[in-house]
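Have a look at this one before I ask anything.
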Amino acid sequence: MIAAAPGVTVPLPQRARLADLYCSYDDTLNSGALEQWPALFADPCLYKIVERASHEQGLPIAVMYCESRDMLMDRVVALRETALFAPRITRRITGGICVRSVGSDGLHLTASFAIFQTMPDQPSALFLCGSCQDRVVDEAGELRFAERICIYDSTIVPTSLVYPV
Amino acid sequence: MIAAAPGVTVPLPQRARLADLYCSYDDTLNSGALEQWPALFADPCLYKIVERASHEQGLPIAVMYCESRDMLMDRVVALRETALFAPRITRRITGGICVRSVGSDGLHLTASFAIFQTMPDQPSALFLCGSCQDRVVDEAGELRFAERICIYDSTIVPTSLVYPV
Amino acid sequence: MIAAAPGVTVPLPQRARLADLYCSYDDTLNSGALEQWPALFADPCLYKIVERASHEQGLPIAVMYCESRDMLMDRVVALRETALFAPRITRRITGGICVRSVGSDGLHLTASFAIFQTMPDQPSALFLCGSCQDRVVDEAGELRFAERICIYDSTIVPTSLVYPV
């Protein structure tokens, strides 16, 4: 369920549209359809994966950083064609999606995520958990992420981070 | 929140009814009320637990396979009366429930699940995660699963699979 | 999505308000804003953290037990000023929120939770999972927890339980 913070009004049909967007995001990554992932973002956009401790100190470092849909797609192409990594399945589950404020620049939301990873011949295991700080905009009737900052809770850098989060 | 795939229209009251069904399913398994589990299915039905790699190759093998409510109940009776296994608690959490299409044969949905398991005197741990491919039908005002295919992400067979997933 | 048990009617706007409350609860704990946590409860209230096996046997023992908003706040002050513990981040994800009945004393709900914990320089890991048995009341237009009983599945006492659950 999409929630709203105290004092923020989000009509039910709008909540349903947001649910559709958030679910599409998880489905796209879970099914490995990475080529469809950039279309979930506005252009330009901001996509970052950052460590929580760095983020809270305002440090600029990011494990992944993209500012446009082309940069997102570049990332996917690099993954498909040049990166060398063991095959794996990731499963992203999102909870606590909450509209924090509604501004002229879009809807500001936060959410929690847990990502489970399965390596060949190993049991599934928790890979990362954390929160997202998002800005969602309506582009000609389509909701898209203008900003998605994925903030993982652990202080160690996930060296095996291959896929987007 | 129940989501809908792009281009699929699912009215809010229908989404709420689907949420009720999905929540009932998890509650039934989480509370150990297995005798009530078959009633969540249509009759005949298809219930399967399969490994993702097998499923993607179209292989027929399944860890559990039932084609009717009687077969589901048979499974429960076997569990209660003949199976020998260490006691355990399972907790199923479902996310990303999405209506992919609406056909004359019912609603087609996908969802992600994580199942945590707790053995006596041990901490809780992730047991399985994966996705469901479901077909839901309306039988005289009751939504039920005509098909539920549970596809787990790991390639190893969960030898300790005792309860339905 | 907030679900309703068979035979229980919960209008969509009421479901949305419940989603807002449940999401607020998780957000408050996830962001570490413990001082705001007592305001999510009615006064007096009942807040307990109990082991599932004890709870099912009706034993009174609880890992945490509070009967008023002051007791909840006392807990927070103790945590902030006297407790000595390693820093940690907790991430609570709630699923399967279901209205079981509607009475003159409020709404009775159950839900499942998984809590992940991250210690410094360690990967995130599952800490606890279990269920909540809640009673929610409307106080002058604000939904609050009159009762929240958090029942964890494991039989071992989580010695490292520092924060509320």
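Labels A, B and C are assigned to the chains in the order they are written; within every chain, residues are numbered from 1.
Throughout what follows, contacts are C-beta pairs under 8 Å (C-beta built on N, C-alpha and C of every residue); 3 or more make two chains touch, one makes a residue touch a chain.
Being a predicted model, the structure only gives us computed values, none of them experimental.
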Message: With a Cα-based fit, what is the angle in degrees between subunit B and its identical partner subunit C, given to the nearest 5?
response: 120
- request: Report same or different for the subunit A and subunit C interface, where same means the shared residue numbers exceed half of all residue numbers found there.
  value: different
- prompt: Just curious, how far off is subunit C from subunit A if you go by their C-alpha centres, in Å?
  reply: 26
- line: Expected list for subunit A, residues touching two or more other chains, is 1-2, 12, 15, 93, 95, 97, 114, 126
Task: Could you please specify the touching residues of subunit C with respect to subunit A in the complex?
output: 1-2, 12-13, 15-16, 19-20, 22-24, 26-27, 30, 89, 91-95, 97, 114, 116, 118, 120-126
Field: Contact set on subunit B toward subunit A in their complex
entry: 1-6, 12, 15, 19, 52, 93, 95-98, 110, 112, 114, 126, 128-131, 152-156, 158
